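After this come two complexes, each holding chain A, first together with chain B and then together with chain C.
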Partner chain A sequence: MLDTDTHTDTGTEPAPALLRRDRQETLRAWNEYLDRELRAPHIDRRTVVEFCSSLFDGLVEALESGRTTLSDDLQSLLSALSVEFAERGLTPSQTATFVFSLKHVLNERYENTAPTVVGLHKLIDAMGLHSMDAFIGRREQIIRRQSQELLDLSVPVVPLWEGILSLPIIGTLDSTRAQAITEKLLSEIARTGSRYALLDISGVPTVDTQTAQHLAKTVAAARLMGAECVITGIRPAIAQVMVALGINLSNIATRFSLAEGLRYCFDRLNLSVVRGS
Partner chain B sequence: MADVHIISINGVLVVTLPAVTDDGTAERLVEQVGARLVELAARAVLIDVSNARIIDSFLGRVLGSLAGAVRLLGAEPVVVGMRPEVAITMVELGMDLGGVATALSIEHGLAGLRVRAGRRM
Partner chain C sequence: MTEQVPQTLRIDDEASLPAVRRAVDEAGRSLGFGLVDQTKLMTAASELARNIVLYAWDGKVTIEHSAGAGRRGLRLTFEDGGPGISDLERAMQDGYSTGKGMGLGLPGAKRLAHEFFIDSKPGIGTRVVFVLWRR
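This part shows the complex of A and B:
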């Protein structure tokens, strides 16, 4: 497998030296090929050219040293390339095309006098696989970050008054969201030293036993910290459903609107709203 | 064994739980609080748990029995300063300290006691 120096059909030069000699032309051919085939307007042409020449050099170096695995430098170069492609929204096949097209270019160029080095193909394959791994890894990272952002966005804790927080819950309350909401609410309570929190569920389409249980747990945890929660925005239809399901929130203060909830907190804080004269 | 700090402010005992409470400390805790409560005829006990980063079912029960003992002695127990993560753990363990008053901090706890005392007058 490491017969890169002996296996030269041209008989004159070892493959790495041949590649090195034709570097300029091969690179130009590769770039032209990519211009035709890659069709990626979001990526800068200069970046492509730079990646091409660095990859080519890395490949030749690897051939010269007789390795069939990728060096750390080459790996990090491929990772950088894939990350760049993933961030710019290129498809996996475009990323694969980029690496594997070098094979195509080399085949075309050395059609008759091919330096059919096993090591070369192995290396390019390994490069392609590594760049796929890096590409998908980066994509997954982006997806994870976005879902975390979505989760954060869906938990807005708004200070309504000194010592009163409000938390409008919009959408279905599943256990992941319930956990995120509880954590966010409790940390905001601790941070702001708020004694009251209004959980507004007007944006929750339906309340089943599980949702009610999540709410009850949030309220219980807030109470342990010394804050009282008021559940507001219970629509008549939802109240009916809750009664029908036998959900008992009798030890939790509930009000039908956020305004009523605020009024309750004002009463408890011994505050009153007075119309100006 | 970690030390339990008990101080008295205007007839209110403030008990600070150490970061880690072992079995021995927990046992002495209930004894010592009871003794000081009777000695000073305190009307309320603030149990400050803000140092505790981890509360397991054992410590949860200790808190419950401490609060129960204080109430039996005719004083009002208030658990203050529980951390968010501890509160979540307690609820997950099914211990909600039902009926025991809670407050965000010692200050809030004292203010709450003043308000309730004012209402009683």
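This part shows the complex of A and C:
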């Protein structure tokens, strides 16, 4: 006999009530399944158990209210789960497995007498998709934060002496970093009233025409503010390649080492280093 | 971790440049280039890859070993389907640029190379081959 209106096989017992009745056993089965399949040593078991029961209860509530979309509470619960997983370095598929495995557990438990409510599957799918979105959103947030931190980290302006700043540049000098470095240097020049700045490029692997152009622009901007820049740390190999490329920095003071650059600034400031007697 | 040579890398924005430099660095190291030559390789790769990003937006580089007349070297082939260079002779002169650069990229890269070929057809694209032999 076909009965299209009633989705539960018993006909008498609605799915949410059935799920509620079997709550303990279903949760135990789900936890066991996750113990076997999730393989996530970075997440402790209690957290897993808590997420399981909250998700299960949220699902049953949603079924009872007849909703097919996720409530705000359920959404924030899933977001919290995904954030936790993302921060602990779990993979997206582990996060998806966590949510979708509930389907598997329910199918196994109610194999022939399943409360095959269409809404149930839709809800679990929606839960899985939401957790994916939240997971990826969190990852993107982490990546954005890290690249910002990296950018801040990579622009250290160090006062070396009264009136002398030093700026060790490490890594590739691309447009974004050149911009950040210029801004930081100019604001430090204004803040400290420094007359000299040492741009040390020992940590820059290659100086191509764009890098040189960025350096020249930074130096020109500092000059407008009354500060002279000295480029230091030009390694022999880089000097040779710069000449071959045809880069001309002859209107900028350059020195081989940071120490030589500092000596240059001392000379200009009429300071001398004297060995103590 | 050493990548296979030949290797082809896509170049489609400034963020692809570090990957190109790293791959060229590794390939050059595995051939035993000295420090100056290694710097030449990476600088030229940076220069030519940036040309693709600036003018063609999308292209690729193939990194491969090159052998001939008893010597070994590295060959970098940059290809793009960009607008091409209408006046190749001028583009190879110092200080000429249609963009905001110094106009030293192409002629500079040529000076860094032992062998350098450029082929460009307006509307079709540009192909640059850069070879450095081990000394």
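Heads up, the rule we're going with is that the second predicted complex is superposed on the first by the 257 of 277 C-alpha atoms of A that agree within 3 Å, B and C clash if a C-alpha of one lies under 4 Å from a C-alpha of the other, contacts with A are read in each partner's own complex, and residues count from 1 in each chain.
By definition in this document, a contact is a pair of C-beta atoms (placed from the backbone, for glycine too) under 8 Å apart; a residue touches a chain by one contact, two chains touch by 3 or more.
In this text the structure is predicted, and so the values were computed from the model without any measurement.
S.K.: Regarding the shared-chain residue A:240, is it in contact with chain B (first), chain C (second), both, or neither?
M.R.: In the superposed model, A:240 contacts chain C only, not chain B.
S.K.: Regarding the shared-chain residue A:183, is it in contact with chain B (first), chain C (second), both, or neither?
M.R.: The first partner, chain B, only.
S.K.: Tell me which partner A:220 touches in the superposition: chain B (first), chain C (second), both or neither.
M.R.: In the superposed model, A:220 contacts chain B only, not chain C.
S.K.: A:274 in the overlay: touching chain B, chain C, both, or neither? Say first, second, both or neither.
M.R.: Touch status of A:274: no partner.
S.K.: Could you list, by residue number, the parts of chain C that touch chain A in their complex?
M.R.: 14, 17-18, 21, 25, 35-36, 38-40, 42-43, 46-47, 50, 94, 101-102, 104-105, 107-109, 111-112
S.K.: Which residues of chain B touch chain A once you look at their complex with the stated criterion?
M.R.: 79-88, 90-92, 96-97, 102-105, 108-109
S.K.: List the residues on chain A that touch chain B in their complex, please.
M.R.: 182-183, 186-187, 189-190, 193-195, 217, 220-227
S.K.: Using the touch rule from the top, collect the residues of chain A that touch chain C in their complex.
M.R.: Interface residues on chain A, with respect to chain C: 172, 174-175, 205-210, 212-213, 236-238, 240-241, 244-247.
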